[in-house]
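Below you'll find the structure, written out as structure tokens, and then a few comments.
Chain IDs A, B, C and D follow the sequence of writing; residue 1 opens each chain.
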Amino acid sequence: MLLRLQRNVPQSALDSIFLLCKELGYRARHPGGRADLLELFGPGSPGDRSRFEDLSGVAQVLDPGEARELHELAARGAPSQVRVGDAAFGAGAVSLVAGPCAIEDEERLVEIARGVRAAGATLLRGGAFKPRTSPYSFRGSGQRGLESLARVKAETGLAVVTEVLDPRDVEAVGAVADMFQIGARSMSNFALLSEVGRTRTPVLLKRGFGARVRELLLAAEYVLAEGNDALVLCERGVRGFDSVTRNLLDVGAVAYLKRVSHLPVIVDPSHAAGRADLVRPLARAGIAAGADGLMIEVHPAPAEVHSDGQQAVSLEAFAEIARDVRRLVEIDGRRLVQPELQPDVSA
Amino acid sequence: MLLRLQRNVPQSALDSIFLLCKELGYRARHPGGRADLLELFGPGSPGDRSRFEDLSGVAQVLDPGEARELHELAARGAPSQVRVGDAAFGAGAVSLVAGPCAIEDEERLVEIARGVRAAGATLLRGGAFKPRTSPYSFRGSGQRGLESLARVKAETGLAVVTEVLDPRDVEAVGAVADMFQIGARSMSNFALLSEVGRTRTPVLLKRGFGARVRELLLAAEYVLAEGNDALVLCERGVRGFDSVTRNLLDVGAVAYLKRVSHLPVIVDPSHAAGRADLVRPLARAGIAAGADGLMIEVHPAPAEVHSDGQQAVSLEAFAEIARDVRRLVEIDGRRLVQPELQPDVSA
Amino acid sequence: MLLRLQRNVPQSALDSIFLLCKELGYRARHPGGRADLLELFGPGSPGDRSRFEDLSGVAQVLDPGEARELHELAARGAPSQVRVGDAAFGAGAVSLVAGPCAIEDEERLVEIARGVRAAGATLLRGGAFKPRTSPYSFRGSGQRGLESLARVKAETGLAVVTEVLDPRDVEAVGAVADMFQIGARSMSNFALLSEVGRTRTPVLLKRGFGARVRELLLAAEYVLAEGNDALVLCERGVRGFDSVTRNLLDVGAVAYLKRVSHLPVIVDPSHAAGRADLVRPLARAGIAAGADGLMIEVHPAPAEVHSDGQQAVSLEAFAEIARDVRRLVEIDGRRLVQPELQPDVSA
Amino acid sequence: MLLRLQRNVPQSALDSIFLLCKELGYRARHPGGRADLLELFGPGSPGDRSRFEDLSGVAQVLDPGEARELHELAARGAPSQVRVGDAAFGAGAVSLVAGPCAIEDEERLVEIARGVRAAGATLLRGGAFKPRTSPYSFRGSGQRGLESLARVKAETGLAVVTEVLDPRDVEAVGAVADMFQIGARSMSNFALLSEVGRTRTPVLLKRGFGARVRELLLAAEYVLAEGNDALVLCERGVRGFDSVTRNLLDVGAVAYLKRVSHLPVIVDPSHAAGRADLVRPLARAGIAAGADGLMIEVHPAPAEVHSDGQQAVSLEAFAEIARDVRRLVEIDGRRLVQPELQPDVSA
């Protein structure tokens, strides 16, 4: 017998559970070091189950082997779909996220937003808060960037995904963002994961460049365990020993994740490639491996950008990628979600 | 001015070259440590060029910057195509290589050969000599395996690619093989590379699991430098820090190789995945990234195999992959080469 | 000419700087994307320097090439030494940090603290807040753990280093900790780095298991840039492709860091090895490579521990390591700092 | 019951073994795919053992669990020691191998040999055949280099270790070499391993830069299985994702190998560091981790060298390293083997 405990069970409730174990002749242990589960070994008479179910602190009584982690495909039975504005990820729906790496000026952002929307993007990316390896690098425009994003949303009707770096910023960023991005460097920032898990805003969780797939899934579990299941994973390349690409896009991880988890998975070919001329083949590879979407860095004048400029593709290149995706997803009966044909607010 | 020297120039010829340099006022050095090139610095009067061209030991007089390595796309101007039996790789042609990992019994091999041919393979793989990490593992059937391969070729009309491990076996293996395979563990076996380079049999060169792309290209250069340009590269995954797949399929390397080299590149999703259920998505990803073919381990009864059994796919699964490839290559105007509809010899 | 700007210069001050540039005929740019520096190109008449020095927002006027990052050895001229309680790291001083991974019960902690102190440790490690990959694992005892640490400090006279995970906990943890630990998973948590940088409590910064050395140095720079220079780096192994040890202890990084930076560097052989029987040789290797100390997981009954039990060494094994270190540091004229012989408060 | 079979057992002998199995009621299988072992399951009556021992093709009848690989410490009970000229590796003996990367001119080589001998080296390294990643790089001086080595040996009394790359060169190289070096790129060249295994000349086997420790041990097994047990392993760094050192010296692998195998292990800090200024700390770390020796690239004028010049240390730096090693090995009761004080032949 396996008890799933409620979160933050008080000691008194645990004591009652152990008392009942003793009384009925069970030994108890936390399986695999999991504090949320209690496995019972003992005589197993039929009426015992309901006696444990009645106890305070016990969420559910399971059969052994039934205790699944929340990200597992088997825990849900079918792939989940996450919707953000016009975009939808998973369960047959494929969407494109596009935009600049950092927000520079608002006019430019509106231009990019309209451009990528026309080409097929349904979600705009734009970093107001940027994690920078050096404290001396350009670190994004913060609050001012958020305000720009808000106006660009209003003007273009595109939903936006933007990064949050500090648990103390979750509220402010959440006031504008349609989707939180947890960047690769923050994948193991458990305080931040729990904080976005407590909101009901969709979350895009990027794999750390040194993280195992299992660690990504457990980071996901931090968000899911708080009750937020609008979660999309993102593979963006891991650190390898070669430098022809900046990172090694792990298409095997994408394929594996689609086998074991119900969560949608997208691919970021821009950060994986680190060079504009390889973004398109990596984008195609990601979709062909089963990804539910792409996140692509686009800039109308790639050479001008403050950060990560070499990997940004032009609007024309983005449109070609969108065409590729449209044809690729047809092969296995999926569809690329199109931007709604709503009249442009500013038109 | 840049002199490309002939191979194995005798010291007396070198002495004459240096003498002429001195006479005409040039300093000479091997650029980038390349013994095949001699860069000359000096006055550069117009008639000098032809004086060097006349010297014994000088293959060609180039302008600086003209000295390209043989694998470079720019050295040839267009992608090359390598033909082996019915198969063709590169320059728009995509082919499927399939077969068992090791040759067990001949009857079984004929069955697999017919099966993969019917599903779309144009080249049969079959290891007579197998590199094994442990001296105590099953090491392939050697000469007996070669004889089996020869009979299977005769019976099915399929060309075969098979591994050669030892420079002393090149002749014996070459008597049967339509294409030599240089395995990942042999990628830096320069004696072996030179030996197959001296034949005119096509070569399939697999990337070592710890090798940089530049090292793969230089290994290729060993074959090309001996005059054998029927060379196909193969990406089969590199060593990573995760274990959800056995190796990390480096689709970025595939995309990069197609940008810089004229050589055809194929992908081996079987060894990359290390598990049958991920072979299909990795196969698709490889083709979508630009690969000119696939090499897939197929076994009619995957569970029975002596080595690498977990990654072998069934004939049915292989047929599905072939269907995927047919549709994927259409997207960018390439074609999957079909087995000739010649009457089966044994029919 | 190179201007080092003050932090958070208002736009109006920047405008004045640019105005003066224009007036005197200089062009200005941020070198290497560094927002804290402004490089000026132009006529360079002698009086200009003082005119810029007088401007609000300009911290310092430097000659080009003078702008060093704060971690650089050349920026300081000599190795720095960081003192925490009896412990001292760097500039010839070597210290041992020891203790359990997580705090279980207070009595046990006092026992360990006395044991490691007797064997030569001058700093006690003990995790009140533990980062755990899974949300369901035992996550440390939080506030209760901090209180235990405080009592153990009082009772044993040992200073303590303990991890802080969330910028919002810096104040509470700082009330007890003599040194903050920033764990490997938090190395790129820039909000947290800045927060501990604003305190004057010493900081132990562990290298992320997927982080380059340059990234570790830039993470250090986040702390230093806030004015806290009591900073010690810690190498604890990086992710490799083998599993005979949990991580690959990068002794080359230790040697390199000692060449380029003035910051003290210690080694954590326990997390690198991941198994108790290899802790001693890795501890020796770290010291021999130049490390200024060790951080070792010790437990009087290693088999009982909640987390990371397999790598904890016994008190006896720790005492052997301390003996090794004492002899190793003599070879190059360094010294192992001994715990003060002060009367034990509780005696 | 477990049968260890002789090598290359003919089919007829195998048939007799299987017949006896059938007669006595045993089922047989190759455990873990090992063709050299046959595990028998069945009734197990006491007299059966001798009946199998009498069969042709059976080398030994073991109890299950007794079948050890030849490299295992448990297979031999104590560390082995390998002697080459004055040098001895293992079982408390530590020796230094030193010399240039490639042989340039003989006079220079004599100078280096005398210098390193005076400083404490007992074995001279010198590559006559050099593996080069590019076919166009300087590839060593081949036969001429071997002749130089022979004369330098005669003149200085130092034994030499030199690389062999091609199984067809084993005889020629063995005529001069006191020890064969199998380079990192050849670690999985099984034909070459078997060939040197068939000689009785000591072998130095370097770990491939992408090879797991288990793979190194199995490569060792190829040599041992042919009957040559004068085998020394060499850790020279593995490929990592950082570039502050050329490779990542895996001191954990050294410590692990000393725990599980009786084979001596040395460290090559020169190839690991890839830069002269880090050779000394890496040399110290290797010895402190338990290595039985070092292999160091030394050149009297490091800047002049044809290949790998940046990592060669001067004679003075080598002498400092030798002094460090002498003191380090004292700590655990080992000794640095000194060159014999024999009168120099040429004196």
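Annotations
Convention: a residue touches a chain if its C-beta (ideal position, glycine included) is under 8 Å from a C-beta of that chain, and two chains touch if they have at least 3 such contacts.
Only a predicted model underlies this, so the values are computations on that prediction, with no experimental measurement involved.
Relative to the C-alpha centre of chain A, the farthest chain centre belongs to D.
More contacting C-beta pairs link the chains of A-B than the other of the two pairs A-B and A-D. Chain A and chain B, compared by their mean Cα positions, are separated by 39 Å. Chain B and chain D have CA centres that are 31 Å apart.
Between the CA-based centres of chain A and chain D the separation comes to 48 Å, rounded to the whole angstrom.
For chain D, residues touching at least two other chains, in rising order: 210, 214, 238-241. Put simply, chain D touches chain A in their complex at residues 239-241. Across the complex, chain D is touched by residues 210, 212-214, 237-238, 240-245, 248-256, 258-259, 272-273, 277-278, 281-282, 284-290, 324, 327-328, 331 of chain C. Taken in their complex, chain A has these residues touching chain C: 33-37, 131-139, 165-168, 185-186, 188-191, 194, 208-211, 214-215, 218-219, 221-222, 225, 238-239, 306-307.
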